[in-house]
Amino acid sequence: MSKNAKHFSIVGVAIAIVTYLVYFILSTFFFELPEAASAEATIIDALFNGHYILIAFLFAIVVVPLVYSIVVFRQQEGDETDAPHIHENTVLEIAWTVLPIFLVIGFGVWGVSSYNQVIASEPDEVTIRVWGFKWDWLFYYPEHDNINDPALVLQEGVPVKLEMQSTDVIHAFWVPKFRVKQDVFPYDVENQDLNFGNADYSPDEVFYEPQVIRFTPVVEGVYRVRCAEICGTNHYAMLANVFVLSPSNYQKWLDGEFLLPPDPNQGNSQIQDGVDTYLLELERFDINTGYTPPPDPFAVPEAEAGEDG
Amino acid sequence: MKYFLTSALTKGLVGQILTFIVSYGLIRNFRKTVSGWEVPAPELSGWQAPYDEPAMVLATIISLFGFLLACGVVSDWLKMMAGQKPHLKHGAQGKPEWTRYINIDVNHKVIGIQYGLNSIFILLVGGLLAILFRLELALPGLQFLQDGSQYNTLFSAHGIIMIAAIFAGVGAMTNYLGPVLIGASDMSFPRLNAFSYWVGVPSAVILLAGIFMGGWDTGWVGYPTHSTTTQMIGVQMFLLGFYLNGFSSIASGLNMVVTAVYMRAKGMSYFRMPIFVWAAVAASILQATTTQTVGVALTMVVAQRTLGMNFFTPVISPELLAAGVPAGDPILFQHIFWFYSHPAVYVWILPGLGIISELLPVFTRKPLFGYKWIALSSIGIALVGMLVWAHHMLTSSMPPAWKIPFMLSTLLVAVPTGVKFFSWLATIWEGKMRFPTPMLFVLGAISVFLLGGLSGPILGTIATDMHLHDTYFVVGHFHATIFGGFVFPFFAAIYYWFPKITGKMYDELLGKIHFWIMVPGFWVMSLLQMRVGVLGMRRRIADYGSDLGIQVEHALITVATLAIGWSILIMLYNLITSARKEELAPENPWESRSPEFLAPSPLPEFNYLAPIEVVGEPYDYGLEGATYAVVPTPAGD
Amino acid sequence: MAVAHGHDDHHHGELHNPMEPTRQEQIVMNRFGLWLFCFSEVFLFMALLAARFYLWRDPVQGALRPELEQGPALIFTCVLLVSSWFMNRAEVASANEDMKTFNQSLAMTFVMGLIFLLGVIFYEWGLGLAHPHILPTDGAFGAVFFAMTGMHAIHVITGLIFVAIVWRNGNLGHYSREDHWGVEACAIYWHYVDLVWIFFYPAIYLIGIGVHIPGH
């Protein structure tokens, strides 16, 4: 028995160390999440962190005894006898059936509450309507005369509610740095009442509800919407830029004074050179000053024009 | 060569191809001539195939009958219908022994090996497709593929072909081992058993043909409305091939359950069955029931594409809308589809986990800890598995009131799975472990299945799933569960029972090389897949862009994939050369207490020379004088 | 990978299985297998019913159904249900080796099953009508209606073939008091197909608020 106590204490200490090490590796390096750029990301990342602790602990309690047995108890040279005849222990078995149930309940409660926080609506949220189609996105801004733009432009710190529908197949809206994802389902395109583009779009909420996702962007910057549901040939290139602007720049953008880079996917052309095409125009974009169009190669420089004149 | 040309396999394949060509031509011309059914000339663009879709669908269905009639697997049943009483034909019918594997044979061991060979062949094809698209993904940008359609066809085909391979592998294990382990001479329904195998062959042919006849870009899930509208008509071949494979699943599942209930040896109560049989029965129950629902889902997609029946499109004409006629709904498909396709995963892993539980006591020289708990946890996993399907739809348009119960039931799967893990650990603890290749693969399987299991709950809670859904994290999780739950146990089983099957011993060194390349290679691949998923890599994309900063990881994943591919070739070389060598293996190389080692190797036609009798517990290692099964000396003769 | 034999070669060169189940044991397994198959098919029909209740509904009014003619459907349903009684009679007759009743009852079963099948195809599906009540393309109504009745009709056709085979084999003298498994299997299957219709008929024709399909 004292021999067993020795084994168990070594394993116990090793489990504690391995748990900490694995958790450290997961959370700081291996499964480090991308930058948290929305208020929801903080809630979700806390749950991620809880899961990392759980993973590290469960990993340790399985792997440490396994490796310890392999190293310590393995067959010694010349020993052809069988191992001790231990075949059951009811207390132990009930324990490892019941204890995980408590863990499940704990994570269930946490999971439900974080989900409710993520989908909760805010009183001052701004509605933006989103069309996904093969293979691009279009964003309508009903609170600004229903203008539309191939880029999603948001105001830093202002909660936003996206109402989304697809005109053809299922797509999925995902911005990794916002952590939120929602499948976008097709709607009845024959029914003109449901068309976002119509000025008098007003569906009966009982009969039709577009897919909704809510989040609050909190960090200024450029992000990317990535379609996360296989939708055909150019699924991989079904991207759209997201610009989270400061309130003043946002107002400038509405007034047409803050330029955004052109959408490389506009007009649904095929992206032949891969999705890095999206990065090209962004080189000329600055989140504070906006987009600087490249100099027109055919324009005559002013100085030369003066000489000629 | 003569035997090959006249084999059931050749006859069936020729029959299938001929019936396809003839019926396609007839239907196509019929549709041309009947007024109102004129077929417009197909507009070909790029990847599209020049087939008349409805004619292709009908001809494919007819070609199945062509295969079955030509290969002769249903001829006994046809004779019974005609009022004759055909006898079961045992043995090679005067031909060389090897011809049994390409002909109709009712012996469960032959069928098991047929399944195994089929499985490995399809596995190689699917693996080749994986290597192709891994090479494409090694660097950002499109390397050698022309467009997304080619990439989409590759990964879609990889998915469904691997699934067919896994089902064949499960069939190999349950068919070969099931009757042997319970002390029976064969399955309950030998002819149905042969049918289960042979209906899988034409369906595999249809799936493979789909790649060349238009390809498809829906993934293996084939969600409408993409699958109902895509121009890549190979999707029909995918749907039909998938559907027909279901016949094989249902029939073999029924057969295994009946066999386990009625064919057990004398004295073998349910709680004295070898633990693998419990797992096989749990898997078979799932296979025999839930497969029916995916059949409905796939039929509906075929019907919508071919006949215009609106199950899944929310679009409806204005006058029907005004009258209040409901339209279709794409989420219906996801419900019916996942009601099968989630349990399907348990059909693959339960037999694999059964193999782990079966082999651990042999190599630790200790009894299986908590036999009853492990046995019941298999049934528990199967039952809970039927109640979690909608966790694949946590980001869909399903209302939150539906999502939360499915989240909770999903987390509950951890409980019976945990029971298995802890029981394995208790079996290993103080075990005098020895490490031949099968044991290495068992340990590798436990480690990899652990990766898969631990990455599960994080996908189960909705908030975290909103980030991880449809990313490479899911790809990594899924491959870890399948490699840990099926592939590695399958390899362990192949190495472990190789001396029983062939009477020869495999090469231990090559086996260990296989293990030490494949398992670490898989760790690298799976963990890095999870990592790139967390960083923002989506599933099913041909190109990922360099802004995510995951190029190094992708290059490493590709290298690991290639290593896994090579290690499989090493295994095949090992198995083929070892089976051909002269030297015989010892009678009971693992000193196992399992009943099959009471019989000679290779096993005789009817497994045991006389009915065995079970007199003790199956895993009493370390108990002086304990016996599991005895072969009574045959009386008289 | 050879399967060794020779230990148990019989005198005629035929391999003999020392553990071969007896005919009675085989029948017990067959019966269990058939019941399991029926259980398996439950999932098929449940999936169709799920589609019906999922798609034929209205967020406010609840369940819907297409407005179809009730009279003929009720008659066909009654015909199918009565055929089950004759099937049972045939089975009993077979157990009593009463060939006359066996033949009569099976013929009645077959004819009534055929009436049901033809009724579905030519009246309910409207293949024999100038103006069908419902078409496969009529939204979710048409799709699910044809899926449910079509899947059931395939089972009825299989049942009719089964009845025909059993009738012929019965007259070849294959069934006896001890072993009439073929008839029993046919009866179980036929009752099962009837039972399915007992669930399908109200789901299609009775439950929910009737909606008239325009254009028919």
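First chain written, first letter: the chains are A, B and C, and each begins at residue 1.
To be clear about the criterion, contacts are C-beta pairs under 8 Å (C-beta built on N, C-alpha and C of every residue); 3 or more make two chains touch, one makes a residue touch a chain.
Since we're looking at a predicted model, the values are computed, not measured.
By C-beta contact pairs, the most connected chain pair is A-B. Of all chains, A has its CA centroid at the greatest distance from the CA centroid of chain C.
Computed from the mean C-alpha positions, the centre of chain B lies at a distance of 30 Å from the centre of chain C. One finds 50 Å separating the Cα centroids of chain A and chain C.
For chain C, no residue reaches two or more other chains under the stated contact definition. Counting partners per residue, chain B has 316, 327 as the residues that reach two or more other chains. Within the complex formed with chain C, the chain B residues making contact are 81, 83, 85, 90-91, 97-98, 100-101, 107, 109-110, 113, 184-186, 188-189, 250, 253-255, 257-258, 261-263, 288-293, 295-297, 299-300, 303-304, 307-311, 316, 319-320, 322-329, 332, 335-336, 339, 501-503, 579, 600, 602-606, 608-611. Partner chain A is touched in their complex by these residues of chain B: 140-142, 147-149, 151-152, 217-219, 223, 225-226, 229-230, 313-318, 321, 327, 330-331, 364-373, 395-397, 400, 403-404, 407-408, 411-412, 414-415, 418-419, 421-423, 425-426, 428-435, 443, 446-447, 450, 454-455, 457-458, 460-464, 466-467, 469-471, 527, 530-531, 534-536, 538-547, 617, 619-623.
Contacts from chain C toward chain A in the complex involve residues 59-60.
By the touch criterion stated above, chain A contacts chain C in their complex at residues 206-207. Interface residues of chain A facing chain B in the complex, by the touch rule stated above, are 30-34, 43-44, 47-48, 51, 54-55, 58-59, 62-63, 65-66, 69-70, 73-76, 79, 81-89, 92-93, 96-97, 100-101, 103-104, 107-108, 110-112, 114-115, 118-119, 168-170, 172, 174, 176-177, 179-183, 185-191, 211, 224, 226-237, 270, 272-276, 278-279.
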